[in-house]
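Here chain A shows up in two complexes: once beside chain B, once beside chain C.
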Partner chain A sequence: MADLLTHLASARIPGIFLRDRRVQALLVLGSFLPDIVSKGLYHVTRSSDNFIVPSHSVTGLLALCFALSFLLEERIRRPGFGALLAGAYLHLAVDLLKDQGGAGLLGVFHPFSPAGFQLGLVDPENVILLLPIDAAILVGAWLLERRLRRVRQ
Partner chain B sequence: MFGNRRYGWKLGGALALVLALGALSGARGSLVNPAPWRCLAQPERWDGARIWIPAARVASADAEGFVLETEGLPFRVAGRAEVRPGDTVGVAGTFEAAGPRLRLGEWRRIGPLGGTRWIAEAVSIVVLALVAANFFRRFRFRPGAADVEGDA
Partner chain C sequence: MMRRIFSDRFRLLKMGSGAFVFVLLCQHARSQFGALHPDLSRVTVFGESLKGMTIHAQARLVVGHAPDGFDLETRAGPVRILSPERPRVGEFVSFTGRVAGERRIEAAGVQVNEGWAWKRAVNYAVSVATVLVFLWLIRGQFRTSLSEGLFRSRF
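The block that comes next holds the complex of A and B.
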């Protein structure tokens, strides 16, 4: 996984353009969802490495976000599902940037393909170098969002 | 599709699908990069598996390869690499039950920043706590909200 600050920064960029703060919060939650589920299953329930593959797969996240959207009230369920799923897929896109030693992010297209994919642009052991970039993105997003809100008012 | 009609079926069906995908993945077995301890415990099962160890310390090195110390266990790596005891390296390769050992594919030396991952992880925990606080500011838990029309 990339660090959560990077995932937060990646979700805040599209989040600027969402008016509903609840949908914004769901987009961010969606961008954390694959890691919350995989780390939770691995560390808390001691699930096997193989069992947690759907937490980082396109199909698994689709079903998971659909299930989670049913914990929301009916009137926010549809946009909530969209936000959760968009955030979760954004997470996968960010993870694909990492260098995973040639193995790639495994099982992204599970159950259709076990193949791993990676772009190998970010060294996962040196993610600390991303922290200042993430902080700059978050500050930029906050300033832009404030400006947009003023324009909308 | 997102209405309250057949709420239980939709929620249950989606959760069942997630569980089924997990079970299928578990049954297929070698989808995921298996942990070194798992390979050492069941070498025959993981023979030929592709393994990636993001970072581990080199315990010893010789002409044939080197031994990594990972998860408290010595893990033999076969293949030429210019490493010295004490180096931190990331390696990827194919596990061979005969040995058992890792046939080295790619490797790289982790620089001095490699030991700073804990900082990023500490920041991640703080970020998670802040995002959770924001989430619970926006949402309240109301179990009755999901009741379908017609329920008493």
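The block that comes next holds the complex of A and C.
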């Protein structure tokens, strides 16, 4: 798992272009979702690694985001579902960059394919290396967002 | 069509069906991946019947050395990894390999996870802090209506 600060930073980049701050927030929450669900199932219910594969799969996240969108009120449910799902898929894209020792991110396309994929570019545990990069992205996103807001006004 | 799918009509039923599909997928993944890539601890008991199957394991503690490899800790005792690599006792390693018999796995690739214990702790600390700070920052965007089981927009 990459740390959630990295996932926050990755979700803030597309989030800049969203006008609705609630949808922005849901996009970021969606990017946290796969790890919150998988770690929750793993640590709280002691589920096996194989059981939690759908928390990081395209189909599993579709079902999960659909279910969670019904916690939102009707008028923001549809954009909320889209934002949650986009954030969750962004999480998968970031996780695919990780180096997982050859195994890759297993079951991304479960139940259609059990294959694992990885690009092996980042050591996911090296938070110290990723922190300054994340901080730079977050500051850059904040500055760009301020400028965009001024232009829109 | 989309409006109907996301309407309040049968809201709990729709939410439940999404959650149900997710649980079904989890059950399916457990059986599918369990058959393809058995859990490392199963090699301690069913090694002979699992012979030739692929195993992936992440961040396992090295507990000993042998002339033909090194031993990893599992919930059911140590498992021998047949490999020319010699990680130090106390280090964490990730690997992929094939089951070669009871308590024996022939490694195809071994990755030493240097400083895994402290890096993992920092990773969790940063992640928990990120979620808490983010929830605090967006507290103004939503209000909860617990009696309805809803998060409502404040605007």
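Keep this in mind: the second predicted complex is superposed on the first by the 151 of 153 C-alpha atoms of A that agree within 3 Å, B and C clash if a C-alpha of one lies under 4 Å from a C-alpha of the other, contacts with A are read in each partner's own complex, and residues count from 1 in each chain.
The rule is short, and it goes like this: a contact is a pair of C-beta atoms (placed from the backbone, for glycine too) under 8 Å apart; a residue touches a chain by one contact, two chains touch by 3 or more.
Keep in mind that what you see is a predicted model, and the values were worked out from it rather than measured.
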item: Superposition on chain A - do chain B and chain C clash or fit; value: clash
item: Partner chain in contact with A:Thr59 - chain B first, chain C second, else both or neither; value: both
item: Partner chain(s) touched by A:Asn126 [first = chain B, second = chain C, both, neither]; value: both
item: Touching partner for A:Arg78 - first (chain B), second (chain C), both, neither; value: both
item: Chain B/chain C common contact set on chain A; value: 3-5, 8, 21-22, 25, 28-29, 32, 36, 47-54, 57, 59-60, 63-64, 66-67, 69-71, 73-74, 77-78, 81, 100-103, 106-107, 110-111, 114, 124-128, 131
item: Sites on chain A touched by chain B in the complex; value: 3-5, 8, 21-22, 25, 28-29, 32, 36, 47-54, 57, 59-60, 63-64, 66-67, 69-71, 73-74, 77-78, 81, 100-103, 106-107, 110-111, 114, 124-131
item: Of all residues in chain C, those that touch chain A in their complex; value: 2-3, 6-8, 11-12, 14-19, 21-22, 25-30, 32-34, 36-37, 39, 56, 58, 94-96, 108-111, 113, 115-116, 119-120, 122-123, 126-127, 130-131, 134, 138, 141-142, 145, 149-153, 155
item: In the complex, chain B residues that touch chain A; value: 2-4, 7, 10-11, 14-15, 17-18, 21-26, 28-35, 38, 50-55, 90-92, 105-106, 110-111, 113-114, 116-117, 119-121, 123-124, 127-128, 131, 134-135, 138-139, 142, 145-146
item: Interfacial residue positions of chain A with respect to chain C in the complex; value: 1, 3-5, 8, 21-22, 25, 28-29, 32, 35-36, 41, 47-54, 57, 59-60, 63-78, 81, 99-103, 106-107, 110-111, 114, 116, 124-128, 131
